[in-house]
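Structures given as structure tokens follow.
There are two complexes below, and they share chain A, which is joined by chain B in the first and by chain C in the second.
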Partner chain A sequence: MAHSDTDVDHTAHGQSMGLLRVLGPAHVWALGVGIVLVGEYMGWNFAVGKGGAYAALIACWFAGILYSCVAMIDSEVTSTVAAAGGQYTQAKHIIGPLMAFNVGLYLVFAYTMLEAGNAITLGFLVDTVAGMTGHEGGLDQRPFIVLAIMFLAWLNYRGVLATLTFNLVITAIAFVAIITIFLATSPLLGAGEMLHKDLMSGQASLPYGWLGILAAMHFGLWYYLGIEGTTQAAEEVRSPARSLPFGTLAGIMTLLIAATLTWYVCSGLMPWEYLGDGVNGAVAPLFSAAQISGSSALVWLLGIGTLFATLASANGCINDASRAWFSMGRDHYLPAWFGAVHPVYRTPYRAIIFLVPIALIFALGAPLDQVITFSILSGLLGYTFMPINMIMFRKKWPLDTIKRGYEHPLHPLPAISLMALCSVTYFAVFLGYGTQLIAMIGFYIVVSLWFHFWRYRFVKRADQFTMPWPRPRGY
Partner chain B sequence: MARYVPPVQSKLGQIIDVIVLVVLSVGALFVPLWLGLAGSAKLPVPVENPTWESLGQNPVMVQQWNKLGFPDAASAHDMITARYDYSFSWVSLAVMVIVIVGYFVMMIRFSDIEYREVIAEKFGEK
Partner chain C sequence: MDTWNYIEYGAWGLSALFGLLILIDWIKIDTTYSEEMLTSSREGVLEAMTEKHRLEGSDGTL
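Showing the complex of A and B:
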């Protein structure tokens, strides 16, 4: 196992310390898919509620195109920026400190809200299983939510290799559970219980018309949200130029398959009104699909799959959010106290601990769809940054000036497609959740002004550019 | 270019900065919730004496509703009739576009000012 250090960092105790390079491509896959796979187990079905089942499928595929663009763009830039913080570090080198500060916050809030959503789902699952096994009156879900977040934070505190190896195993099991329910319920091998024709006929086909397809893009992102998190591990991967593009692109392919199978199974078993209500109806739709199938083996398998998917996702979210927070602390965009590495476990332990109560505030105090929307909005702002970032990257450092580990094809088509899909998704969020959209942008405007006019004075200028790149063209 | 030496921030200053960020971020989600402005207007449209037919449900749908624990149309009424209200004003759409575009333009301009300082100090003045 390689233990070579990366960028040297200084702890609060004055010791030279860096994150450990111990991860391979399988861990990168596990980090990306582990965070996202829960999107098939909960949350995506709000897209059905916003436009009907067909709209959710179209949203699934269009969001898949959006994320394929994200993965391609991200892979090229990250194959040259092998440092913790992922898109944050990219923004710092390519656009500037304020953009980097905003991107860091997008990452922290997208992942912390996703973590909160996972904990809410886990609480629901425990409550449901208690009811199935004879408990009456419902459980208090809060202790389970708190315990899950605390346990995973502890795991992250102790070390990244154990954390992501844990993710690799439970993500694989959750993925196999999706394949199993598909095979068991589809005509391929199983009883062929699918009822798409009848469940999606008449008013159920497109209940909101074409506007519903646009609206469904809002939660369509949830099928894949977080795959870009693979770049957060850049500083802890043994061979970033090879492992990151491989792990990320394999991850998006895995998710495209899982998302389509999930839609097929769930929309073929449940009326769209129930499936689309993720608060009072199908909170965990694959689990509900297993219940309706009548097979107790599937119920247990998908129950375990849901549990593992939520744990894997929350685990990866803690990993990614803390790396982004740590990076900002290290650069003094936030108080430098957060930029410390644990002297024994070599993890960003202060960032990990600090974000625990933030996740708990949202997990215990806000409804699931609001938490998911908050996460999606932060993710969406990050995706809007990516095409801008890519175009500037190619302009400032054309292909002949920096060697890339991976060059994405057809530039600038992926960047333009990504920007167009992001614009559609803003409109989709506006349909029904416009107040939150404005509140969120208002928050980022205020913190941007706070950073530019106050916080930036504590930032060392030249230290923001650490890559061995030549001077950017035009500067 | 002379190297910029940032001031050292006091511990109290660091704590205040963190509190400001936490208050702003929690406020961004919870203020709309507390004011009752967040989320969509997905409300049930009441149907008098609902039957499965009057709710637009065919026999296969009814069979699945029964499996999901809804024995009659009344029990599923609220879920089946709930709809989002997608009506919107063009003015509010224009405001949203202006806010989003304005945010990114502001951020890129301010970032560019800061970035030029970074590059000048890193690579020297041109």
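Showing the complex of A and C:
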């Protein structure tokens, strides 16, 4: 490859070899939406089980507000921090090393656990297809789980452009499948098979009252969890100030549309008791909706959409987790060995390799609900950091002191809204998964002590701040 | 044994192949290039070349 010789020479003369800047806004969109869209295909419907269809819709829109705040805040900050690591790098520059270390771990755990969850789901999907084609006795899902992780790790290892172009294609197909089933089943173009009025009246409207809405908030995150991952591409996009805000905001708009259409189609075709049971009822609700429609073309399309959405999510998770791990290695927050860049493919290859066995252990040895809960809780801790980060960013570097690719409106309203919605979600999570929440916070406290009292002595304090930023106000 | 059992073996085989491809390349790269070069990436280097942020009335940077 042409890059390698040039890079070797540059390095010999004292210049550094970094990641490759080859991505555009469409790749950023594919990274963000790709990670999330699987949540529309499965998982979100647990919110229906918690509080009925209306509760799931309210949770969908409240979580939509939360994630719109996340997308706006991320777009502004990341358009100025054009470096891999996303929120980890933001925390390092704006708050401090201990916060950065924690945020880095939140990111790595959230994405690696989600990758493992996606691989488990993929194994289940292949098993389902085998059953539908007449295979008896069940399939050994392990080879398909391992294959998904190994293939996507290899793709990520070989280069970011191919990885995210692949994500762009499969994510677009999965999104088009949602639009197609909406058009085919709604009164707009299709036969108008929707039964919202019958399925959502009387006791079925809010079966558990207002408490059900609160409980549904936990799974409302599912519609959008991972959109913040677009920031990890900051060091590999050609124009960070333009591509990152454009890709991220287009991504959240796509997801708001996809989430609402998904709710509309599924809640109009299935009773809430069936739809809300994601284990014994509607495991993959959009696929179930396609089966109810009676169209074999829709069944095929939504089957492929489910498979592609799962693959796209795992692929984006490998990309994001490895960038966060790589950045922490580069700054010596972890051993510097992880901060290596492949001289030919220009990827953080050691970070990618290191996370493969971790994903495999969780995918093959842990139950899906525990894996996903760990991912959601890590993500939620990350979202709690964002409003603090944003308020400090605007205070230390007001609008007239640093050039931004995007300035989000109504500051500090989005930050305050995000903090308030995070608090509500913590309460909702505590209702269902209190033990896991406390255990995980305990884990992060222990690793923070390790970082503070041991690891931080290895960090070269001046080297970690290489951005050409002005001094913060009041410095 | 039906087709799905063969597909299972195929999936194991492909998994091993992708793992092997990564492993061989990893060993090749780590033995060909110096550690100094492989870990020479620095945050914000390109950004420093293309964009300049300045404080009003000051040119101080971090």
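Quick note on the criterion: the second predicted complex is superposed on the first by the 457 of 475 C-alpha atoms of A that agree within 3 Å, B and C clash if a C-alpha of one lies under 4 Å from a C-alpha of the other, contacts with A are read in each partner's own complex, and residues count from 1 in each chain.
Quick note on the criterion: a contact is a pair of C-beta atoms (placed from the backbone, for glycine too) under 8 Å apart; a residue touches a chain by one contact, two chains touch by 3 or more.
Fair warning: this is a prediction, and the values are worked out from it, not measured in the lab.
Set against each other, chain B and chain C touch different numbers of residues in chain A, with B touching more.
In the overlay built on the shared chain, the residue A:337 is in contact with chain B and with chain C.
Judged by the touch definition given at the top, the superposed model places A:194 against neither chain B nor chain C.
In the overlay built on the shared chain, the residue A:26 is in contact with neither chain B nor chain C.
Contacts of A:391 after superposition on the shared chain: neither chain B nor chain C is touched.
In the superposed pair of complexes, A:424 makes contact with neither chain B nor chain C.
Of the two partner chains placed by superposition, only chain B is touched by A:99; chain C is not.
Of the two partner chains placed by the overlay, chain B and chain C both lie in contact with A:465.
Applying the stated contact rule after C-alpha superposition, one finds that A:206 touches neither chain B nor chain C. Chain A residues in contact with chain B (one complex) as well as with chain C (other complex) are 336-337, 464-465, 471.
Contacts from chain A toward chain B in the complex involve residues 49-50, 95-100, 102, 105, 109, 195, 198-199, 201-204, 207-208, 211-212, 215, 269-271, 273-274, 277, 280-281, 288, 292, 294, 332, 334-337, 354, 358, 361-362, 365-367, 369-371, 374, 384, 388, 426-427, 430-448, 450, 452, 455-462, 464-465, 471-472, 475. Residues 2, 4, 8-9, 11-12, 14-15, 18-19, 21-22, 25-26, 29, 33, 35-48, 51-56, 58, 60-62 of chain C are the ones touching chain A in the complex. Against chain A, the residues of chain B that register as touching in their complex are 3-4, 6-7, 9, 14-15, 17-18, 20-22, 24-33, 37-42, 56-61, 64-65, 67-68, 76, 79-80, 82-86, 88, 92-93, 95-96, 99-100, 103-104, 106-108, 110-123, 126.
Against chain C, the residues of chain A that register as touching in their complex are 8, 11-12, 15-19, 21, 80, 82-85, 89, 130, 133, 135, 139-140, 143-144, 146-147, 150-151, 153-154, 157, 235, 240-241, 327, 330-331, 336-337, 339-344, 349-350, 353, 356, 400-403, 463-471.
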